[in-house]
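In structure tokens below, several structures.
Look for chain A in each of the two complexes below; its partner is chain B in the first and chain C in the second.
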Partner chain A sequence: MYLNQPIYNQVSFSSFLFENDYLALIPEIFLISAGIFLLVYGCIFSTSSTYNFPILSTNIGWFVILTFIYTILLIYNAEINNAILLYNTLVIDDFTQFIKICCLLASAVTILISLDYLKAKSLNAFESMILILLATVGMLFLISSADFISLYLTIELQSLAFYVLAALKRNSEFSTEAGIKYFLLGAFSSGLLLFGCSLIYGFTGTISFSECAKLFAGTAGLSESISTSTFSIPACQLGIIFLLTGFLFKIAAAPFHMWSPDVYEGAPTPVTTFFTVTPKLAFFAAFLRLFLEGFYDLIDTWQTVIIISSSISMILGAFAALTQNKIKRFLAFSSISHAGYLLVGFACASIEGVQSLLLYLIVYIVMNIAVFAIILSGTRHTKNHTLSQIKYITDLAYLAKTNPLIAITFTITMFSMAGIPPFAGFYSKAFLFFSALSSNLGLLAILGILTSVLTCFYYIRLIRIMYFSIPKTWCNSVRIPRGNAYILALSFYFLTFFIFYPAPLYLVVHKAALALCI
Partner chain B sequence: MIEFLGIFIYFFIALALSLILLGVPYLVSIRRADPEKISAYECGFDPFDDARSQFDIQFYLVAILFIIFDLEVAFLFPWALTLSQNGFFGFWSMMLFLIILTIGFVYEWRKGALEWS
Partner chain C sequence: MSNILSFLLVSPLVIAGLISFIPAKNTLLIKNIALISSSVIFVISLFLWVEFDESTSLFQFTETLFQSNIAQGSVFDGLNFVLGIDGISIFFVILSAFLTPICLLVGWQSVQNYVKEYCIAFLVLESFMIGVFEVLDLLLFYIFFESVLVPMFVIIGVWGSRERKIRAAYQFFLYTLFGSLLMLLSILLIYFQVGTFDLEVLYTTQWSESRELLLWLAFFASFAVKVPMIPVHIWLPEAHVEAPTAGSVILAGILLKLGTYGFIRFSIPMFPFACMYFTPLVMTLSVLAVVYVSLTTIRQVDLKKIIAYSSVAHMNFVTIGLFSQNIQGIEGSVLLMLSHGLVAPGLFLAIGVLYDRHKTRILRYYSGCGRVMPIYAFIFVFFTMANISLPGTSSFPGEFLIMIGIYQNNTFVTFLAATTMVLGGAYALWLCNRLIYGTFKPHFISTFSDINRREFFTFLPFIISIVWIGVYPEPFLNVMHCSCVNLLYQGY
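== the complex of A and B ==
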């Protein structure tokens, strides 16, 4: 009886402990249950002989888009917007809610623009849609993770889905090669990240970001050789270096970018789109929280690493993309240089820096989605009427004659990527450099401006090819699929008219940055 | 921890015993190898074709299934031992885990991963 009493208390305690936590997790719970439901639905109907083994990828793709939209609504209308959940494992605030909505939107748009491509290329695996959903679940949890265990587990959930997605096209050598490469390097980087986590746990005895912040508070001025009585700062700094290595691997920043051109080139184009746009959001969200909350007092250590990686990424992205002939490789190097610019915002470690980073991320996503919406629409050669993808940069030749509207959209997107004034890309880049200047990172800002002048060359080269070079084989662009057309139109309007009414985005981004930094 | 000492000693005794059993035939038997004796046994015939053949993917599938469900059991052990303390909350948490795994299993079943043709 004496023994039973506390156990009874514990039972009643634990059953009501998480009541409100589950209320706050409704979007994720909905997304997971919808994913499970769709998996069962897909596997039962696609193997059913009475329905003549239907191909369900488009069908389930639309369902997944619908699920994402419902999840966005659930997040947008959430009753609990600020909470720390499940024993300090997850956290939700304005920052996470904003990034989650962006992430879901990006995933939904990725699926929307790739549906017709999947059909044309007969990539008949409905599992790809479920995997995108599961990766998005992983990213949602990653965005709101508040300790090392949830950080690592969610990274693995999304990476595992990504490895399978990269090797989706089993009969293509490139795709399997991309899958293997991505798997090996991704697993290696996860290992480094995990080692960093265990070093920090081993030397501090805590896995929670906020506990780390309390522990490191006031240690900023201490010299590196001093070990306080309870924990050793140099060991924690080593752990931070490992964590940073893992992080830079995942966002494909130089010098840890080696996998990205091959994986982007080899993986099926819809998957490349997904790789380009969404994971950056999630990884930046999680690591901004970790570094700005947990390790803010050790800024000397990680700021240096991020500055170095940022400058290498910008330089490498600017020079390596010059010689690329294939469009997906070109975009991979372009995204490496964009990762460099994003890291400028990270290195600032200020509210303004985070704000400009988020703004840049959104503009980056819109620009990449626009480019991929065009690539995924494909071209049709005049001789044989098969849909083929725009593979080489020269395939764009004379797009201005065959489809002037698409050419203009592509041109605007390229101008925006290069950072030419009236377009959104310019404002996000300028804002980023202003915040760098106000954080005393003048050299980084100057380097960023110089490399962005260099990148202008290759972005404008694409435009030259579209308008002025005469191709060897003429290819007609096909009628753009409806979904791609809508997305293209929206992103075109966003990039062009952002200048006239930038206030809402600036405000939302500022609110998110405030939630993170204060 | 000390109870593992017995197992540790037992392991060495078993190793020694098996080595002895392996060694004794070498000492007492007569060995005279000839080509007929050392050739591969294929029901008395010479080998028909190349020993290398395409490997059946089913073996991999079964191995992966084993790993997954082996992990499931590893999670079930501590749950089974502490169920009296965890109560219904612990019970339903594990049920959720099992439901997710079962759905994975349903997927495999419908996809025909368990069918040996």
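== the complex of A and C ==
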């Protein structure tokens, strides 16, 4: 299926043990070593009295962004683009390279737009940047994981970083509560996931995705008949259900979404940004590989679960966000409904499905980053000159008067999230529904259409508040920081002008989907 | 000359882009640029008519933007940016180009805030409207069809008159969106079967019986909202009443035509069997609308609501003609659409004149205003007469042809539809009577404020073209004849 390991006659330690694997892992190795270096650098200088105990969060933030950019370059110029590494543990192909680049970009942008927030809130925690870096490393490995052990380990690596990040603001009760909640539920879901892995390992004797695929080949529809002492399809199905539960927990899809509104709300806003954006990419990448490669022949089992979860997410996302007052909770529910749409692409289990899922993910990330870039830049200034972020939805009131450009960008983003035609959000949704139709999931497509009319209600509500409702206390807008402005402008152009030249993104996404599915 | 269609499509967007770079305080400059450029675009659009070949039903001026496939490599690699017009869509392209400078001119004084955004919104809207009538690609049609919502939502919401405008904007948005998303689903289904969105290919495609009925219904859900047919017509009076004058002009002039244009372009030629099958449904709904809405109109007190409801009645009369299955009916429908695109905007402009002066639309307030506004009274009566299709005005040939057409098909429907003559006369004359004549109320209307020169010149093109079509409709009928015959043979 994949290219074999390059074999060299030269005998040295590295080629003896890992052959050429380290060459393919250079981006990750670089990222880890850079992380360690930055950690040491931060520890030394932030405790140095000669420099008067400097606050290093912005400084290290820039370094982390730089590191991410170098890593992107390393991945982009990688010599080995298609391989199985470390004895079937990791896999590299076009799909993983593409998702990794997206992941790194998303993380870099997240840090970029939150630098100003850190400064304004005087969060003296440079380790948050290192944690984001470590979580990103975990996600890079997660994306290219090819067996259960690496899957679980990498999930834990990024989750641990996330637990700490959620509880970053130690003087805020919300943040600590979010951290605890996220830790408990995340650990619980990891436990479920691990139990699923062990069930499958126990009943198949293998941890590798590709070997699972070979084992299950041709067993579709034979679930009851094959049950020997070592190999039992029903048990594996049980394992798959557990795995799926863990996965749905992690991407905050509907029946297992309960942590996400609280955590999104409680965690500091930059962290929330990070939560909504990057993990989705990594988890979808890893589990697409697992299910489309490893369990493709057991599609009956997992497709049903995903269809159910997808429809519940769409419905719940459409109704629950209607009554939200706080913007971060609102975005949490909106991201639940987006997770439902993404799962439509997952449920298709076809090349088109994967392609439209990836496209939707990218557009979703751009939209979310645009929204958070606005929320993160303290665009308000009250009479007492206390800078306050946008916290409630009503804080957006009359943004159109105080900062019309931002209001227009926000409006475009909201229309795009609702899937109104000329914007990028429409294309991605139409893609999803088309692939659902071509996989005989017509009902799911109809449900998606109906719920997207409902979601329009609340996206337009935000626009209405921005343009028409009169605020209780008048605020002046302050200049938004330059980084956020650039990111906003870029995402605005992306969302608006995507219609004119969508071909490059289509091609890239298509290539990635082909690499995964064939 | 070969890429005139893409020029018409793109140039308003480009001008809107240019305007966005002008500082917002130079309102006069912005208004002038927008007005002059949109007038130039209108004049250029007239070349379509000059160069149009009347002897064929083929799409003319066809061109493909972005020669390489814009969606290459995707599941949608059948998506083509193909433009072209035939004898039916040509008039709507011209009408869109015609109404935009009028809209800008209407807001010349009454729009005081967000002038820059006003101009940009209308130019963008113009581009989208022209796009709807020009594209020969199903998905792109859908995209433009829906895109119109966004500037329209802004126009109603921002420059609308009262607090209720937000609710109206909401209703407008959600009603239309709901209908058209069903259409999106069926478009995807069509693509799933055929593998292309190209209209000329789709015309030659055969559908299975049940699928054809399903697709027709899904398209109908969308078009019926836009027309608007009877159960889903509520958004229209709301949107009209709350919209600014220019918004009403566009709503009545172009957006109401989108539904009937959709029937002509998609439902009838693509699903002929389903059209036959559902003709009774359409007839029932349309006749109901004609009678019920006309009766509703009589008891309104809001000036704009009266005109809005009368638009509903007229558009349903158009659908009766479209489904009459003969050439007179179809040609009459297209002509009536065109005529309604002139008459209803004219009436809305006339009401805008009153509203600008007194900031109310309650009918009783204005009784006897003919005494202080004689020229206005003349113009208002003229448009009212055109609205009830007095012979000699543009509505008459259209309604007359529809009557002829439907009479060959169904006498009973003809009988019911003909009540529009009486009922339309009832509400229109009643309105005219109460507005122009009646007790003069000097407490309310104390100053002599007849229409000014700018307003007069906005009315003039409407009056000229209404009389022209009414007296000599040949140039219009000749252009649309071949396309209508073709439609008839494709459809029935």
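Note that the second predicted complex is superposed on the first by the 493 of 518 C-alpha atoms of A that agree within 3 Å, B and C clash if a C-alpha of one lies under 4 Å from a C-alpha of the other, contacts with A are read in each partner's own complex, and residues count from 1 in each chain.
Going forward, a contact is a pair of C-beta atoms (placed from the backbone, for glycine too) under 8 Å apart; a residue touches a chain by one contact, two chains touch by 3 or more.
Worth saying up front: this structure is predicted, and the values here are computed from it rather than measured.
Enquirer: Which partner does A:490 reach: the first (chain B), the second (chain C), both, or neither?
Expert: neither
Enquirer: May I ask you to name which of chain B and chain C touches more residues of chain A?
Expert: The partner making contact with more of chain A's residues is C.
Enquirer: Counting only touches as set out at the top, which of chain B and chain C does A:101 meet: first, second, both, neither?
Expert: neither
Enquirer: Applying the document's definition of touch, where does A:40 land relative to chain B and chain C: first, second, both, or neither?
Expert: A:40 contacts chain B only, not chain C.
Enquirer: If we overlay the two complexes on their shared chain A, which of chain B and chain C does A:29 touch? Say first, second, both or neither.
Expert: neither
Enquirer: With the two structures laid over each other on chain A, which partner does A:503 touch: chain B (first), chain C (second), both, or neither?
Expert: second
Enquirer: Per the definitions at the top, what is the overlap between the chain A residues touching chain B and those touching chain C?
Expert: Looking at chain A, the two contact sets are disjoint.
Enquirer: Tell me, which parts of chain A touch chain B in their complex?
Expert: 7, 10-11, 14-15, 36, 39-40, 43-44, 47
Enquirer: What does chain C use to touch chain A in their complex?
Expert: Residues 66, 68-76, 128, 139, 142-147, 149-150, 153, 157-158, 166, 170, 173-174, 177-178, 181-182, 184-185, 188-189, 191-192.
Enquirer: Give every residue of chain A touching chain C within the complex, in rising order.
Expert: Residues in contact with chain C: 352, 355-356, 415, 420-422, 426, 430-431, 433-435, 437-438, 445-446, 449-450, 452-453, 456-457, 460, 464, 467-468, 499-503, 506-507, 509-510.
Enquirer: Can you check the complex and tell me which residues of chain B touch chain A?
Expert: Spelled out, the residues of chain B in touch with chain A are 84-90, 100, 103, 106-107, 110-112.
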